[in-house]
Amino acid sequence: MHLAAIVAHPDDAEIFCGGTLAKHADRGDKVTVVYMTRGEYGGGSDTTKAEIAATREQEANTAAETLGVETAFLDYEDGRITYSLENRLQIVDTLREHRPDIVLTHFRDDMHPDHRTTSRLVTDAYYMSSLPLVETVNEPWEPQNIYYVGKPTSSFDPDVYVDISEYQSKKEDAIRDHESQVEWLQEHGGIDAEFDDLIEGVRAQARTLGRTRGVEFAEGFVPLHKHTTAYLD
Amino acid sequence: MHLAAIVAHPDDAEIFCGGTLAKHADRGDKVTVVYMTRGEYGGGSDTTKAEIAATREQEANTAAETLGVETAFLDYEDGRITYSLENRLQIVDTLREHRPDIVLTHFRDDMHPDHRTTSRLVTDAYYMSSLPLVETVNEPWEPQNIYYVGKPTSSFDPDVYVDISEYQSKKEDAIRDHESQVEWLQEHGGIDAEFDDLIEGVRAQARTLGRTRGVEFAEGFVPLHKHTTAYLD
Amino acid sequence: MHLAAIVAHPDDAEIFCGGTLAKHADRGDKVTVVYMTRGEYGGGSDTTKAEIAATREQEANTAAETLGVETAFLDYEDGRITYSLENRLQIVDTLREHRPDIVLTHFRDDMHPDHRTTSRLVTDAYYMSSLPLVETVNEPWEPQNIYYVGKPTSSFDPDVYVDISEYQSKKEDAIRDHESQVEWLQEHGGIDAEFDDLIEGVRAQARTLGRTRGVEFAEGFVPLHKHTTAYLD
Amino acid sequence: MHLAAIVAHPDDAEIFCGGTLAKHADRGDKVTVVYMTRGEYGGGSDTTKAEIAATREQEANTAAETLGVETAFLDYEDGRITYSLENRLQIVDTLREHRPDIVLTHFRDDMHPDHRTTSRLVTDAYYMSSLPLVETVNEPWEPQNIYYVGKPTSSFDPDVYVDISEYQSKKEDAIRDHESQVEWLQEHGGIDAEFDDLIEGVRAQARTLGRTRGVEFAEGFVPLHKHTTAYLD
Amino acid sequence: MHLAAIVAHPDDAEIFCGGTLAKHADRGDKVTVVYMTRGEYGGGSDTTKAEIAATREQEANTAAETLGVETAFLDYEDGRITYSLENRLQIVDTLREHRPDIVLTHFRDDMHPDHRTTSRLVTDAYYMSSLPLVETVNEPWEPQNIYYVGKPTSSFDPDVYVDISEYQSKKEDAIRDHESQVEWLQEHGGIDAEFDDLIEGVRAQARTLGRTRGVEFAEGFVPLHKHTTAYLD
Amino acid sequence: MHLAAIVAHPDDAEIFCGGTLAKHADRGDKVTVVYMTRGEYGGGSDTTKAEIAATREQEANTAAETLGVETAFLDYEDGRITYSLENRLQIVDTLREHRPDIVLTHFRDDMHPDHRTTSRLVTDAYYMSSLPLVETVNEPWEPQNIYYVGKPTSSFDPDVYVDISEYQSKKEDAIRDHESQVEWLQEHGGIDAEFDDLIEGVRAQARTLGRTRGVEFAEGFVPLHKHTTAYLD
C-alpha cells in the first residue's frame, strides 16, 4: 500500500500525522510526504528566505529518515499558495505521479491560508485525477480515499483514530529534527505555534485523543468517504 | 463473535439492519435479536392484543430463521416502554445474559417513543454492565461497542456503512415474513409506516445508502465509540 | 411564472430536479435550463472535447424536449469554471436576460468544483442583479428566491420537497436521453457517477426522499430564503 | 381548517404565535388554544395559587376573545407537568377530542421544564393518536403536522415564517389582556420574563423575524414534517 | 462571590474543574462542592457500599482541603439519581440554602446517567429557585449563571476557558486525594475511567485546552447564558 | 486600548457595531473605522459612482463624529473586493499601520460578497501580521483577537454580547447620518436592505439581542479566539 501526505510546510506532516506515517512505514507500506513549500517564512528577520528554505528542506529529509518515509518537494511559495486551475492541474499530476492508495492532507477549515488552499487543491485534484480527458504528463489514477488532518476545533472532529502508542516517541523525534523550527517557534510563535513547549503540547494532544479511544496515544482523521466495512467490529 | 440487536418491536431489526445480521450469521457469528415487545399495537381493531402478540412473535421467529439468527423476547408492553432504574437494571442483566461483543440498537432521536426509550436503556445499561457492584443475576460483562440504527434525518447521519449487496434479498424475505405487519401497514400506516410499498421503500433506502459508498446496497450505522483502526485503509 | 435552472453540465438539471422542471412546464410555466458548459470532459480518451460537446448539447436539447423546457448554453469550459468578477457579471446579465422568478442551482458544498463555483456565481449574481449601478447589457431584475439542489450529505439536508410522483418516468426518460453519458458513466464512473446503474440509483433516491414525505417520488431543495407562508398548511 | 395550539401556560400561545392564531381565526378557521395548566405559579407570595389560577383562566379567555379563538383547559399543575404514559394517553385523547388539522406546541429544547414536557407529550401523542389499538374515549385521529414555537436559540431556528403584519396589534392586545401577568413580570421576572417591557420585546422579536423575510412582523415555526409543496413558489 | 459546584460523585468536581475552584478559593471566594452521592459504586466486589461511601466521603473532604473549598453531601444513591418533581424541588432548596452566585454542574450530554440527571435537575432548579410560589424551606434565590463541565465531545465544545496554569498541581493533588478511586480505576476502569494513568490524562487534557488559548493549562466551560461584557477585551 | 473595525462599506460599522464603538470611544479608547470601499454602488442610476463615493465618504465622516471615532478609507471598488495575495498583503500592512488591539470585521458567511471577502482578507492578514518575514511598509504587529459581526442566521450565532443600552440612540444617530443611504434604501432596497424602515429594524434587532441577555439593547459578536477569563463571572 502507498500513503502520500500532501502538506503545506515542513513539520506539518510530522505534527499532524507523524505517528501514523511511521506506523505504516514500519509494516512495509510505501509512505511519501509531499511538501507544497519549503516553509521559508518560518525564520527570523536576520536570515534570508533561501537560507531558511535550504535548512528546512534538510530538516524535513532528516525527519523523514526518522519516520522511515520518503519526501518530495513542490515549488510553491510559503504563505502564497493559491487556488488556480493551473495549480489544481499540477496537483492532479502529482497524484498521478506518486499514485497513492491513500492521501492525507489538511482539513478544509484550517486557519492557515496555505493549509486551506492545499486542502482544496488536493480534494479537487483527487476527483479529477481519474478522468482520462483531464490531460497531464502522467496517466490517470484514482486514490481510494483522503484522510484529513487538523487541530481540534468544533469543525474538525475526528471520525477515525489510529493508535500510535508505539510510535509516539518516533513522532516526537521527527518533530525535534526540525531544529530551526522548534527553536524559532519557542522564540517567536506565529500562525502555527500556540505554546512554547511544542513537543509537550503535541504529546498532550495525542494522549487526549488516545484517551477517548482507550489507547495511550492516538492521531485523529476525518475521511472524505465515510468508513465502509465488510463486517462490524 | 457475538452480535445482539436489541430492538423495540418485531420487524425493527429486519428493516434497519437485517442485511448486516444475515451477513454476520453467514460467516459463522452468533447473532441474537432481542425484542423488547411483541408489537401488540400493530394490528387492527378487530383483533386482540394477545392475538397480535402471538402472531408477531411467530413471524419474528420465521424471519429469524430466514436471516439465520436467534431470537429472545423481553416482556415490555408495546407503546409503553419506560425508562426506570428497574428497567435499566433488567437490560444490564440482558446484556450479561447474552454477552454480545457488539450491540445494535435504536438511535436516540428516533421519533417512536419506544425506540427512543430502548436506545437510552441499552446505552446506559452498556455503561453499567461491567461494574461489579451493579448486581444482577448474571456476571458483569462489557460489550465492545454499540452501533445505532435509524431512519435518515438530520441527526441520524451514518458514520459506518456495511455492504449488504449479497444479503439484500434475504433481508427483503425476512421483512416479508412479517406477513401480518406488511398487510397491516399497507392498509393502515402509522408511526413506522411512511409509504404503502414497504419493501420497495426499504430497497430504495439501501440502494441510496449504497450509492454513497459505491456498492449496490448498504446499511448505515452510528457507532457509540468512533472508529479506531490499527492502520488507515 | 418562470423558472430557470442554472447548472454546470448537461444532465445535472435532469438528475437533480428534472421532475420538478417537467411538472412546472406541464402546468404552463416557462422553464429554462441554462448550462454553464457542454460537459466536454464527460467522454473517453478516444474522442475529442469538441465531439463530446456537440453530442452533449444535442442530448441536452433532446432531454429538454422530453421535459418540455427550453435550454441555453453559456460558454464556460467543463472542469474550469472560475469565480471572477467578470464571470459574476456575466451571470448577473444571464439572470437579467432570462428574468426568472425562481432560480435553481447547485448547493454550495457540492464536491464538484464546477458545481461549487456555479453555486457561488449564481448566488452572488442574484444579489447584484437588482442593483441599477451594476451595469450590464440587460435591465436590472430581481428573482424571488433560489432553490439549491444537491446530493444528500450532512450539509445538504432538504427543507422543501416537491412531489414528482407523476413525473418520475418523464425524468428518467430525460436522463436516458443523455445516451453518451449514461454509457460513459456505466463504463467509467468519475466525479458524478457513484454507481453503475444510474437510473435505478436516481429512482431510489427519489423514492427515499418521497418516503420521508409520504409520497411515492420526491425531489428535495434548500431555499436561499426560508419559506414564508400566508397561512400554515 | 382547525388549528389547535397546546401550550403549558396562559399567555404562551399569545406570545409565541398569537398573530398566526388571530390570522387563521380571521379567515374563518376554527382555532383552539389548549392550556395544560392555569399558570398558578405566576403570582406573588401574597396570593394563593387558586386565586392566580382563576385570574389567569379569566385573562386567557379574554385574550382568546381578542384573538377570536376558543380555549380549553387541562388540569395539570403549573411547574409540575410530567411525562408519563398516563399523561401521554390523555394528550392522545385531547387530540382526538379536538381533532385539529394542525397542531402548534412548544419546541423540544425550551428551557422551561413544562414547555419541554408539553412538547414531548404532544409529539408522542401525535404519533399514537391514529392507532386504533391505542384506546381512549374518543375515536382515532391523525393531525397533518405539528408546528413548534419557541424563543430563538441556536437550536430553535425557524424554517417557516408567517407574515402577521396586520395582526401584530391584535397580538399585543391579547398579551395585554393577561394583566396580572404583565404586571407580575414587570415586577418580578422569572423563567419566562427576560426583560421588563414585555410588549416592546415581543414586538421587536416579531419585527426582527419579519425583517429576515421582507415583511413588517412575522412569527417563526419549526415544522415536524418539512414543507412539501406541489410547486416551488 | 460564592461558587457552588453540584456534581454527582466524589472526584467529579476535582477532575472537571478543580483548578478553577482552587483559583477562586485562593482569591477569597467562597467555594462549595455539593456531592449528589458518595459514589458507593466505585469499589470492588469485596467491599460493601457503605464502606466505599465512607471512604469516598472522607477522600472528598481531604481533596476539598487541598483545594481550599467546602463540601456538602446530598443523599442520593450512586447510579440511581432520578429526575422527579421531588428531587427537583430538593435541588431548588439546595440552591436556596447555599445561595451561590455561580453554579457549576455537569453538561447535559454526558454519558453517565447520573451526570445527565444532575445536569437537568440543577438546570431546571436554577429556573425555579427565584419563584416565590415554589415553596421550600429556604428563601427564593437566583444565581447569575450556570457553567457546565464535561469531557470534550462534539456536543461539549467549551465557550469559556479559565487559565489554571498556577493551579494545575493543586488540582492533581486533589485528584490523588481520592486514593481508593485512583487505585480502583487503575485496576478496573469503568464508566468514568478511560485510561489507566488518570493523572497524566487529566494533565494532557488541561494542556490541550490550554494550547488553544495560549496558556499552559486550562479548564473549559459551556455557560448557560452566553458571555455579556461591558467592553470587548 | 485601540479598536479597529474593518468593514466593506460606509454604514456597515454603524449598523453592525456602532453602539460598541461609541461605548469604547466614550471611555477613552482609540477607535478607528477602516472602510474598504466608499460604497459607490449604493445609489440610483441618475448619479455617478464618483458622486456617490464623495457623498458617502462625507456621511461616514459625519457618522464617525457622532460616534466619536476616526475613519480611514482604502481604495477598493464597491462590489469588487477580491481575495488576492496582494490585497491580503495590503490588509497586513493596514493592521500594522493602525496597530489595533482588537479588530472587528464581517462574519465569514455573510451573503454580501464584499463582506465575505473582507472577512477572509482580514482574518488571514491577522495571522500573517506578526510574522517578520512577511515584509510590508510597517513593522510586524499582532492584534489580540478578532470579533466578527453579522446578521443573525443559523451560522452567525453570537457568543459575546455587549450591552449598548446607553449608546443605542447615538448608534441610531450615526446611521441617520448616512442620509443618502437611508433614503436610497427606503426607495430601493438591495443586498443590504431587508425592510423599508431601517432604523426601526436595527433597534428591534438590538432589543431582541438584548432580551436574551437581560439588558435593553445589545450587539452580538463571534470571537475568533474564544473567551478566556481569569475567573468565572
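Labels A, B, C, D, E and F are assigned to the chains in the order they are written; within every chain, residues are numbered from 1.
Going forward, a residue touches a chain if its C-beta (ideal position, glycine included) is under 8 Å from a C-beta of that chain, and two chains touch if they have at least 3 such contacts.
Quick caveat: nothing in here was measured; it's all calculated off a predicted structure.
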item	value
Both-way neighbours, i.e. chains that touch chain F and touch chain E	A, D
Fewest hops from chain D to chain E - one hop per pair of touching chains	1
Chain pair, A-E or B-E, that carries the greater number of C-beta contacts	A-E
Turn needed to bring chain A onto chain B - CA fit, degrees, nearest 5	180
Classification of the chain C:chain D interface as same or different, half of numbers criterion	same
Most distant chain from chain A, judged by the mean position of its C-alpha atoms	D
Where chain B and chain C are represented by their mean Cα positions, the distance between them in whole Å	38
Chain C-chain F separation of Cα centroids, rounded to whole Å	36
Geometric centre distance via CA averages, chain E-chain C, whole Å	53
Interface hub residues of chain C, defined as touching at least two other chains	212, 214-215
Overall pattern in which the protein chains touch one another (line/ring/star/complete/other)	other
Each pair of chains that touches, named by its two labels	A-B, A-C, A-E, A-F, B-C, B-D, B-E, C-D, C-F, D-E, D-F, E-F
List of chain B residues in touch with chain E within their complex	85, 88, 123-124, 127-128, 130-134
Residue numbers on chain D that touch chain F, as the complex places them	151-152, 154, 157, 194-195, 200-201, 203-205, 207-208, 210-212, 214-216
Residues of chain C that touch chain A when the two form their complex	40-45, 49, 52, 79-80, 82, 111-113, 188-191
Chain F contact footprint on chain E (complex, rising order)	3, 20, 23-24, 27, 29, 102, 104, 147, 158-163, 212-215, 218, 221, 225-233
